[in-house]
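In order of appearance the chains are A, B, C, D, E and F, and numbering begins at 1 in each one.
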Amino acid sequence: MSNNYYQSNGSEVALFKQAATQRVPVMLTGPTGCGKTRFVEYMGEVLGRDVVTISCHDDLTSSDLVGRFMVTGGDVVWNDGPLTRAVKSGAICYMDEVVEARHDSLAVLHSLTDHRRTLYLDRAGEVVTAPDSFMLVCSYNPAYRSSLKELKPSFRQRFVTVAMTYLPPEREAEVLVSEAGIDLSAAKRLVNCAMSIRKADDIFHFEPPSTRVLVTAAKLVAAGASELEAAEVCILAPLSNDGAINDGLRELASASLLGAATKRVDAGGVKA
Amino acid sequence: MSNNYYQSNGSEVALFKQAATQRVPVMLTGPTGCGKTRFVEYMGEVLGRDVVTISCHDDLTSSDLVGRFMVTGGDVVWNDGPLTRAVKSGAICYMDEVVEARHDSLAVLHSLTDHRRTLYLDRAGEVVTAPDSFMLVCSYNPAYRSSLKELKPSFRQRFVTVAMTYLPPEREAEVLVSEAGIDLSAAKRLVNCAMSIRKADDIFHFEPPSTRVLVTAAKLVAAGASELEAAEVCILAPLSNDGAINDGLRELASASLLGAATKRVDAGGVKA
Amino acid sequence: MSNNYYQSNGSEVALFKQAATQRVPVMLTGPTGCGKTRFVEYMGEVLGRDVVTISCHDDLTSSDLVGRFMVTGGDVVWNDGPLTRAVKSGAICYMDEVVEARHDSLAVLHSLTDHRRTLYLDRAGEVVTAPDSFMLVCSYNPAYRSSLKELKPSFRQRFVTVAMTYLPPEREAEVLVSEAGIDLSAAKRLVNCAMSIRKADDIFHFEPPSTRVLVTAAKLVAAGASELEAAEVCILAPLSNDGAINDGLRELASASLLGAATKRVDAGGVKA
Amino acid sequence: MSNNYYQSNGSEVALFKQAATQRVPVMLTGPTGCGKTRFVEYMGEVLGRDVVTISCHDDLTSSDLVGRFMVTGGDVVWNDGPLTRAVKSGAICYMDEVVEARHDSLAVLHSLTDHRRTLYLDRAGEVVTAPDSFMLVCSYNPAYRSSLKELKPSFRQRFVTVAMTYLPPEREAEVLVSEAGIDLSAAKRLVNCAMSIRKADDIFHFEPPSTRVLVTAAKLVAAGASELEAAEVCILAPLSNDGAINDGLRELASASLLGAATKRVDAGGVKA
Amino acid sequence: MSNNYYQSNGSEVALFKQAATQRVPVMLTGPTGCGKTRFVEYMGEVLGRDVVTISCHDDLTSSDLVGRFMVTGGDVVWNDGPLTRAVKSGAICYMDEVVEARHDSLAVLHSLTDHRRTLYLDRAGEVVTAPDSFMLVCSYNPAYRSSLKELKPSFRQRFVTVAMTYLPPEREAEVLVSEAGIDLSAAKRLVNCAMSIRKADDIFHFEPPSTRVLVTAAKLVAAGASELEAAEVCILAPLSNDGAINDGLRELASASLLGAATKRVDAGGVKA
Amino acid sequence: MSNNYYQSNGSEVALFKQAATQRVPVMLTGPTGCGKTRFVEYMGEVLGRDVVTISCHDDLTSSDLVGRFMVTGGDVVWNDGPLTRAVKSGAICYMDEVVEARHDSLAVLHSLTDHRRTLYLDRAGEVVTAPDSFMLVCSYNPAYRSSLKELKPSFRQRFVTVAMTYLPPEREAEVLVSEAGIDLSAAKRLVNCAMSIRKADDIFHFEPPSTRVLVTAAKLVAAGASELEAAEVCILAPLSNDGAINDGLRELASASLLGAATKRVDAGGVKA
């Protein structure tokens, strides 16, 4: 019984399996909270491999990845980092938000992502060849188009790139029901609310509300909050600090929640 | 008997409880000194959980949060940081002014703020799953709109966002009476003075005087300072270094103190 | 017998005592060398408390303030920093030129400057509650209006702000007599010279000559320098590197020294 | 039996041998993934010398190159870095993407790349003269014309510069067959697709698809992906985040895949 | 018998003695190589005090000044820095080119340069009061008017400022004779050459040739170089990399050397 | 039998000897690869002194120059750096490309380059006076006119500046014959090719080809490369990444090689 509920949205499962067969690394792209982390956990179960997760950030050194010497009981002993542990154990190494990492820390991945599939531990004087089951998976959100944080083309060309996006509304509503235990009609109203805001994203340029925030909103509803309140504190509040934009979005949100509610009544009337 | 006197100002108590029930993190927003810290301390008492407070700043490393190896008696021993201690003990971890933290230090929070509720201690080689009572609460003041210090949307979307603001004047005056022991009419005059300056904030763009500075001013009055003097050194002086603006604010302040005083005499006449 | 000769210039002594009674922190503002440090030393004697002085600068870490672990005789022992020592002993902690400190080092002061009056030593795992006699006093010179070095409003609002300035000329001359042992008429001429330059400050925007430089000039006069020479090397030379401005100021200075001298002769004539 | 399949593309083998004979260093230039690393591995086999590979990056210190003192069993022992090991053992030292290295780290190469052929280990107090078989080979991609990352002319003048580029289409298709095991006609269609995009590079200024990405695409095809799908996730997706450009490139790609397919059918007809 | 040949140029000796009597610090200003260092060495001999010299630079930490803990024979022992040694031994501490120091390193001087004359060794937990013979002397060249490297007015106001400049030509020529052993007429020609270039400095804005470069040129002449050659390599070459300016200066230089030579012949003719 | 073949190009040998006699430091200027390093090695042999070479770079700390404390066998022992070793042993200390060094690292040279000739080892608490045979020689290439990397005039004025340049063509060709063993006519053609490009440098502003690259090209010719090929990979390729410029230069180069070849045939004809 897995706690990794995953709804496939296209060909990503097949592509991931093909990359695994051919021992080539995979790059997942897509908006925040669309399910990249869950997808990797799911594929780990499908392929029967452990997943070693590394959250990338500006301060991640190559020593944090490959390991370092540490003083233990008076002796200086080498300690493998999570990347080295993943390589040695043939696990899936998942580097979350790889674009956040310092590019110099990524240089250690070069020999792992071409025909060599080898990790050079220069400081330990060790060379580790990856077993066939080892797989490197990275993810990033291409919507952050900061020139400082672009991945270099020569880095991106080392990966099979799998583009992910939000689930279609019906399937997304099913996720809310499954995760938060609210009824389907309420789930549809919350998804409807998110959809109306995602469409407005083209004009306002904010990070659109993800499936994750919808699950959180659904959980608050399950705990007794009104749908409008839950939409306010989970979906709208994180979008922007600009009062005028927020007012516009609040109108959109309440209209979509009410509209969906109205439809529900109608549909209920039809059903009855 | 609690020393956490807290005046609820809206739905924040209910939302906090719902988030606690559903084990989702909470983000408190609002102006400096409006009572965010006191609110978290109050909710800790209401829920019967300890509060571990971390004041965020530019120099806070992820090691400061999760822990580090230290040499003790010749041995190298891992020492949990305050975040790890809060996770292990199921406490409320309150990260004050989280926007001040280096964004790379915040990456360690990702796996704690989604469905995993897990802390990866990469350097210690340990994985800690949070008990149900653990709760992460962050706060920040959205009025500081520095582009350098914006929280990323992908980070904000992980939280239920509870917006806080100042108490209504009558309740704020009651706080001054309770905290500083001055009489209610003096408390109202000081609140009146603050209100007149808060309104001017739209024009002058400074950080408006908080409940905290009013409490300080009330304490000076209780210690023998005149109300005008206390308003000068506690409310006006920190606002701006610009002489012209300060003169304008001083007029506002003394007019509001006197006006309130006049009203008080009138009201007294009416009472008599 | 104190070596802290201090001339009160207004209500600062009363305000300081009121803040001490109410256990709220104090921020001293005013130009360089107007006597802020001496005032704190004086108040330490008046209140019968030790003063722990910390000169703030860019490189002051929070470890320098609160303490650090150090290896002593093979053991790793925690060493309190000056702030922690001041808190534990209930002293006045005086942070000189606090605006120079890195803002992240100041975050450790937050819990000390609100109702908590508590110092969190995260690395030592210790929580220190300040005794009633502990008092935090900071100072800075608001004339340095660098945007990089502005104190945040949320920080300034935590303090009672006491504005200090130069003594009136007669009292400043008395200080010169007391400190350098020159006669009163020479002291008045040096003060006169400084006053003429302080007035020109509105046009030229330099840091005006402080009481401290007048004391130094008076000491050189006491050691045999001519008044004009002492004014040149102590008062004029540090003002500016711009030759044209310096020539203008030199004229001002010698005119005021001579004018004062002339008046003195006149006054002497009247006295006689 | 070598696993280094290498297709020579011009005079690079002869030039490399001449440089090896004369003991002068070699600089390889050319686009990402055109085979520079494989060429060095191949020449190592041809010349019967070991290859020590160093992936250069911003954080590579000269200590990482030459070595450092380390505490081992209570003693402080010098540990040679990979450059020193290569010099001492007379190997080929291959510094991949040398333009990424900090220029100060490269200063240690000066005495190795002129008539001295000597490595000064200042911290170890050792001077190592390279044996005749030692050879320094660097590579970089001149298409990255960042002013921050230009190699200094005085550095480039120390090398024999061998310019490399993609193989001609027929030979590149043979590589795909050899590496991924797909049939020649499919290999030709993928190469055709890459050629059409490489031509568009002059207009769009992105890093063109390399032989490496073609091999990856061929591997996915071998694992069951359609050619269009493999082209999408391996060739197109890493090129750009700009939707409009990507749409244009996708048209180019599918046209070239289909065009080649059509030709294949024709050719098939001719063959039959 | 002192090796400190010093030619006084004005009132600097008297001012330095007065400052020493009154225990106030001295700031020496003036162009590079005009004799500031020699002056301090000379005053050290006159006053019978040791001189501790510290060459300031960007990387000088406050620990370099006051001292640090060091591991010696397994124990951690505090080691005084040169400033602390100077304070404890009552020496003259000479901080050369103080404007080059990081301003945060200078904060440690504040308590030494006002009425406290005290050094706070925060890390060692020690407070050192300076004996009467301790004297702080700093120097800088105000011609470098970089905004990054301006000394703060509040720092400059702590010193008696003694402005130094080049010696008059006759006395400067005597220095050349005394230091390099050339004859007076050659010395005068070299000084004449320097004077002509110093005058051109107002137009060209370079650092004018100092007494130090004249001494070096005189030494080369004593070793056999021609005067023009010595002027070329010692006086002209360091001035500028701009060919056009250098040609102009070379004309000036050779004209002044020849003109002086001509005059010498004339003078010789007159003498004869 | 020296391996330091050096062709004197002017008065540099005499000037170097005079500076050595007078114990003043020498600054060598000139284009990359014109023979500065060889000249210092040659003078070391002429004067019978060891040469300690230090390649300067951004990361060179003053500790790298003067030495540091290191843990050896449990004890902390001071280890002299190469500068200190050179001073103590009376060697020539050659700091190559001194302009690359951090200016703060150069401050330690001040007391070595004036009348003191003394090295202050502040951290070791040692003062080392240089013996007469010690000589400091620095070099830099003034063609790099980066404002960030200008040597300060006050630093340059401490040296006798010896300007070096390329040898005249006939002598440069002799160097090629001597170093690479090619015949004189081929050597002249390669020099001719370099001369034509050096002349074009005034228009194109690149670093012109040095004697060093000519030697490398000559070596490739000796190993079997054609002259055009050797010119391409040694002389032209390092000059520029700009295709248009490179095409122009290639024309220049082949014209000069052929022109020289033609002349050679003609000359041969004349000879015959």
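Here is the rule we use: contacts are C-beta pairs under 8 Å (C-beta built on N, C-alpha and C of every residue); 3 or more make two chains touch, one makes a residue touch a chain.
If you want to know which protein each chain is, UniProt gives these names: A, B, C, D, E, F = AAA family ATPase.
Not measured: the values here are computed from a predicted model.
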Interchain contact steps from subunit D (AAA family ATPase) to subunit F (AAA family ATPase) (minimum; 1 if touching): 1
Label of the chain whose CA centroid is most distant from the centroid of subunit F (AAA family ATPase): B
Same-residue or different-residue interface between subunit E (AAA family ATPase) and subunit F (AAA family ATPase), half as cut-off: different
Interchain centroid distance [CA atoms averaged], subunit A (AAA family ATPase)/subunit B (AAA family ATPase), Å: 31
Separation of mean Cα positions, subunit E (AAA family ATPase) and subunit D (AAA family ATPase) [Å, integer]: 54
Residues of subunit C (AAA family ATPase) touching at least two other chains: 71, 74
Order of the ring members, counted from subunit B (AAA family ATPase) so that subunit C (AAA family ATPase) is second: B, C, E, F, D, A
Contact footprint of subunit D (AAA family ATPase) on subunit F (AAA family ATPase) as seen in their complex: 32-33, 37-38, 53-60, 64, 70-74, 79, 81-82, 96-97, 100, 141, 179-180, 206-207, 209-210, 212-213, 215-216, 219-220, 222-225, 229, 233-234, 237-239, 241
Residue numbers on subunit A (AAA family ATPase) that touch subunit D (AAA family ATPase), as the complex places them: 11, 14-15, 17-19, 21-22, 24, 27, 29, 61-62, 69, 71, 74-76, 102-108, 110-111, 114-116, 120, 122-123, 125, 142, 145, 152-154, 156-163
